[in-house]
Every structure is written in structure tokens, then in C-alpha cells.
């Protein structure tokens, strides 16, 4: 079975996010990009499927800062093929519709049976790449998946609902799954292993035609949420805080 | 294109989710600007009674046995034709396991614009979305074409989407729903917990700050002293320190207790949205900048381990 | 398919190549001193002497299936008592951890700390741009090298916990005040500083250590200074003993060494009395690993009112706080196995010594001991302070 895991990079929320001068976009100056956490899980799930059933795994991502590291790390985890889609992504606002179209052309060539990608990303504003990609490829899509089993030409995915309910969905291949969580957290790869992969792995570069950027959301303004009425903060020693809390419990009728 | 705002009702196993009513309220707010009426779209089998208390002008009801349980393929097929023919001003979907599976696919299939994570509409009728883990808000222009939107809670209350008068139900013809690529095999129930936290009036909720499983006994003692139960945020459940039946959050349970006490929970949006209907939220977290303090009524930037003994003692004393 | 023999052979080679005197591994007497003195030895499936036995018996693959080597906190006790002078901590234990790490057998908490160290230059996952935020309320202003663009006498390598941890920041600010009171011309790297990498190295991530060391080396080379002082014994150990092998060589002292050399200038400033019985905890990387025992004690004795008392374990047989070798990032894992913390053993000893104050000289220790103090009955009588804080208090 041919499994392809797709990833994209998103702003790292550890850094402060600032709005740029235009007031309609993020200030990219100090912004660092990190792999979308859900895509990291998708790659892990792909590797797990390979380890269980001997599938072939390709990992595909766009040519933006940080992609190389993700691809080499994927290779050191066991990916058979790592591909970077080169286009002029930097400096352009590439929405998810555009990114999905970009991936679609390459994926047709790869003849994927199962495509795994994160169910969403923190910057999603025009839908998520997974389901958009599924439709551009004419494949079925199931999202919020936290477990995958491949069984002759069909895949059974565990789909998460609120409250801990899970639905087992059977899907005809080829298909796209939106991963919420891999069956185990993404494994750690020692730095020396990644460095080794850098020496022995070739990242295949595929040049994309000028990306079709339609599908953009027209942003009127971008702003930081007002911090609403903050909590009334109780100061003092543990003793003083505990005393005030008991007072509050009495006020609201709990004691 | 008419000016109606469609709301795809999110329901599972005989229950309409709160988000459905929130979307109806949001849709009504939008119609203030666009004109038109709020139309609920209900797919399923024998579920028309779900619409009884919905605040909608009418309900487009597609009944088919294949729609009894949600599967992405069937819903997409049923909705695609409906939207294509009727060309509403906008269609609202829940940003959730059902709505998100369907909205993006339809956007690509019907070549219609899509705006995600909308929380509310401005007075000018612009969708206001929340992205980047709640840190950034985006106000977008509503495109001229039929626009698909996914909605998150926080902008409107479910009560605002309810009505005492049942709306008119219009039965729609279901399209051919054979040859589906996605089928439901079975449901797997969540672990049966001894306690249904969504029914507890007092919850003591532990987050990452509890540090390890053993410390949870301290939270249990506090909960016991107050007459409540212990719940947890995702990191605690992921570690296996508490069962999923105790999980409070987007992927767990929504709770609205009389008092919700958080210990070492940061307050990320996925947790915040599940507790925002609590009567009183009291937050304990050593980090005074933790987002939980923005939604709590009372807070203390103190180490919970300094507080446990003395608080439990004082509560026991007050109870006599 | 790699044969056990090949694994053993390559492992031996790794240890021999990785450490000075690595060849001493071959003359292990199997006396068991190491396993006996190891604080968590009783919980390890293969404590140090049994690790060597497994190597010799050609059964190393069995070791790779276990995870108890992660109970090792690189406290150096085994190395200190080995009659064959085997570099057990730096050579054997670290190499075993490296093997496990390469095989992907590493606890999740540690993974996060390592991934954070690589990505953000600190194990806590804090924004690198905020590394010098602690200087905000220090007067006179602390010189940040990239902004000041001038040579300084002393480059103060602050460290991860000293920079970011709220409790430890008090000690960091105290040290800044002491240096200012002495009129030392010092600067810090601020956002240019990365984790020293020593604990990550000892947790088995040699590759990560090299990346961090290179980053720091580049930062050092941009500026002019006469020597480096560190808050942290781990940074001291790294810069003194490990960085030179990577071509990064600077004179370095731990802050206690630096201050004791200036005792004649410091003593007159210590005007306020700190009337207390103080016991000093020897940090593993200052004491056992680098032989610095007297200087911190001399500093404490210089404070008027201080009466120094010793704990039962002191100097070379001091008890570790449990933070080294990755221990800072294995608390959950180690707790699940042991149900007791090394820091609690040590705090009990401090309480028995009759001391009011437990004095420390390593940023790992302040939070670890304060947490232990909270969980022990009667522990709250004991105050934990960094030497720098006591000096600052005495200066007033």
C-alpha cells in the first residue's frame, strides 16, 4: 500500500504574535514556523502503519522555512521517500485551497492509496487542507481520526466525537484521513540520527506550476482579542487565599 | 441567490448539540444585515422532532434511512444538491467532527468560498473568526457568492437559538445515497465512568500542574470535602492519570456546574469552550498570565500544593 | 540485522572513544561499589556494575529492552568510588542512554525537553527572545552584549533555569546585585545564549549537545571578554571540560570561585547579619565532578551571623538533588518507579542537621528542594536559599 503523509508549517505559538502594519495579516518578522502538530501525528501514524503492515511511506511538504528539517526527520523515522514541492510560497498568502490544489497534482502522480494529514491547523481560515485535497482528488474523507487499521483494500478509521464516543468508519481506498492523534505520540529522533539522514537522504524536489491562489478569505481586519473582564485575583498567603475561597463558596451557596 | 441563512443542524444519536442552537442564534444575527430568514437544514431518519424548539423560519428536512447515523459521504451528497439548487446567502456548519468533515469538501465540490472558525458576526454582517489558538481574531468580508462558514461557540448563547414555537418542516427529497465510500461499522462507547461529571454541581478540575497521578488524591480530597467530583483537562487524561470519562474539553464533555475550580489548568480554547457556561469559575494557577484568568470569575496565582491542606481544613471547618 | 556482537563491539568502542580513560572499562573488578552507592541503584534492572557484566557476557541486547537506566541522574557517585577509575558517569551511563535514545526508547517528558532545547535553546520551551526578561528590575542595568557592543571584563553565562524559572530568577537578580556591589564589569548574552547542553549530553543526546555548544561558541566569539563565570555548575562543567574538545576554549569559573577570589573586597560589604544555622548542599557538578568544596563554604562563613553545620552526607559523598543527567525532565517517570524523590531524602538530612537554611549553589536545586520542603511534614521550617541570595541579603 502506498501511504502519503502531507504536512504544512504554521506560526509557532510560543512566540508573541503581532499584527503587521496593514492590520490584516500577521507580522512575519519574528515569527517562527513549526510543523502543524496534527501533521506531525499524521506522519507518525503513517510510519506506524508501515511498521505494522509493510506499506510504503512518502512524506510531502511545501518549500518553506523548516520543511527540510521535517523531511529529514521523517526519513530518519523510516519514510521511504521525502518530497518538497517548490513554488514561490514565501511572501505570498497561500490559502488552504491553493495549498490543497498544489498537493493534488503531485499526489495524483504518486498514486497514493491512503493520504494522511492533520485534521486542522491553527491558522485555518478557509477550511482545512485534508478535506479540500480529498475533493480535488475525488477521494472520500474522514476527519478527527485517532486510529487507523488497513485491511485488504479498505481502511477502518476510529473517528472521535465529543464525550469520548468513537465511531469506526470503513472507507474505500483511495482515501484521505484527517488525523486528530496518532496511536502513539510522535517519536523522538536523536539529533545524530537526523544528521545521518541529512547525509544519506535526497529530498526530491518537484517544481509546481504557478500556484492557483483563489479561495482566499478577504480579511477586513486582524486583531488581538480584548481581554475581557479578568478574574478578580485573590492575593495573599495560602491561608488568606483559602479563607477568601471559603467566603466565596459560602456566597455562591456551595457551603 | 436568496438572502436566507442556512444552518446545518449538528446532531448525534438523538441529541441536537448546543452548537446547533448557537448557530441558529448567529444566523439570526446575520439576517439583521442580509435580510432573509434563518433556515435549519436537518438530515437524518425520523428526527424531525429535534427541530421542535429551534428558532428558525423553517426546516428543510431530508429523511433517509442511510442518514440515520452520520457518515461524511452521505451528508456531502445530501447537502451538495440542496445548496446548489437553492443558493442561500450562507450556510453555517459546526466546526466539529461532523460539520468540519463536510464543509471543506462542499467548498471544493461546489466551488464556493469557505470561512472557518467563525465565532460571531459584526454589526456590518462580517464574520469574526478566532485562529491561532485563540490569540488572533479575524474579521472578514462576506463574499458575494453563497458562502460556507464553520462556527465555534462563544459568540452566542444556545438559549438565543431556541424558540417556544416549532418551525414549519418542509420534507425534501433525498438524492440517491447508494454507492457510498464511507460507512459506519459501529460505535465504541466511552469508558463507563463511575461519575457523570456533566451532572455534578461542583467540579475540581486538574490540569498539567498536578504533575503526577499520586497528587490527584489531593484534588479528590478537596472535591470530597466540598461534595463534588474531580475532572481533568486533556494532558492529564492523555497521560492515563484519569479516565476519559472525566475529560472536560472540546473532545471530552461540556460542563456547566455551579462552581468549576481549576488547578493548574492553563485555559486553552479547547478547554475554555467546554466550561464557559459554568456559573462560577475559580482558577488556581502559578502563572498569572494564564488565559484561564480571562474566563474565570475569581483567581489566585498561587501554587496549588501550598493551598490544598489549608483549604481542605477550612472547608471541613466551615461544614462543621 | 545488527548482531549482538557488533552492538557490543561498537558500544565498547563508543565508550572508549567518548571519554578520557574509557579503556578502564576493561578492568572493572565487579566490586559492586558503584551499584551500591547509586541512589536509585536498587531500582535499576541493570545498575552500573551489572551493565558492565552484561556487556562482558555478550547480552547487551537485554539492556536495550529495559528503561531503568533513565533512573540515573548522573550524580557522579559511582565514578567517585570506583577503584578502577572507570569514567562510569560520562562514559558508561551516558553511552547506554545514547543507545536507548537512538533506538527511540526514551520517556516522553524527556523527549519534550530535548525537542525544546533544540528548537528554543532551552528545555523549558520558552521563547528565546525572552531569555533576558529577568533583568527588568535590576539596577544598575545589566549589560546585554548585543546591545552594548563593547568589551567587558566578565561574561556571565546565566543558564536556562536562572533565566526563565520564576523562583530561580530571584537568585539570579541577587547575583547581579552582588556583582554590581563589587563593581564588576560584566555582561550577559541574553537572547544570544543557548542552553549549555550538559544535562542533555548526559541524557544521551550528544548530537544536540554539539549543536548547542556550537551556537554558544559562535555567540562567545562575537564579543570580547576576559573570562566566563556561570551561575550553574552544569554550565561550568560543560564550558570547562567539554567545550574545549569542540574547539571552544575560554577561562571559566563558577560564581562561587570568582567571588571567593575577591573576598577582601566582598567581606566589608557584608554588613547585615544573617543569623542562622546554615547547611550547604554540595552540587554534584561543583563538588564531586570538579572538586570545588571549600570556596562556597568560605563564602557562607564570611556572612556575619552564619553558623555553618554539615549534613550527614557532605563533600564527596553528598546526596544528589536528583536533577542532573536529565533528571529535571524525568520527574513523572522517576516518581512512577520510585515513589520517593532524592530531593526529599536530602531535605530530610538538612532538617536533621539542625539548620534553618539550606544553602545551594545550583539553579536546579532551589525549585527541587523547595518542592520537597512542601511535601515533607515539618519541612516548612527549612528555608532554601542560593548562596547569592544570602550574600545579597548580607549586603542589604
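Which chain is which? They are A, B and C, in the order written, and residues in each are numbered from 1.
We adopt the following convention: a residue touches a chain if its C-beta (ideal position, glycine included) is under 8 Å from a C-beta of that chain, and two chains touch if they have at least 3 such contacts.
Please read all numbers here as calculations on a predicted model, not as lab measurements.
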{"item": "Which of A-B and B-C has more C-beta pairs touching across its chains", "value": "A-B"}
{"item": "Identifier of the chain whose CA centre is least distant from the whole-structure CA centre", "value": "A"}
{"item": "Averaged-CA centre spacing for the pair chain C and chain A, given as whole angstrom", "value": "36"}
{"item": "Between chain B and chain A, distance of the C-alpha-averaged centres to the nearest whole Å", "value": "21"}
{"item": "Centroid spacing, where centroids are CA-atom means, of chain B and chain C in whole angstrom", "value": "46"}
{"item": "Sequence positions of chain B contacting 2 or more other chains", "value": "306"}
{"item": "Contacts with two or more other chains, residues of chain C listed in rising order", "value": "none"}
{"item": "Interface residues, chain C side, partner chain A - complex", "value": "98, 101-102, 104, 106, 108, 111, 114-115, 118-120, 125-127, 129, 204-208, 210-211"}
{"item": "In the complex, chain B residues that touch chain A", "value": "12, 17, 69-73, 96-97, 100-101, 103-105, 107-109, 113-117, 126, 129-141, 143, 150, 181-191, 201-202, 226-227, 244-245, 247, 250-254, 258-259, 279-283, 288, 293-302, 306-307, 310-311, 313-315, 318-319"}
{"item": "Complex contact set, residues of chain B against chain C", "value": "211-214, 239, 286, 303, 305-306"}
{"item": "Partner chain B, residues of chain C touching it in the complex", "value": "166, 331-332, 335-336, 339, 371, 374-375"}
{"item": "In the complex, chain A residues that touch chain C", "value": "14-16, 30, 34, 185, 187-195"}
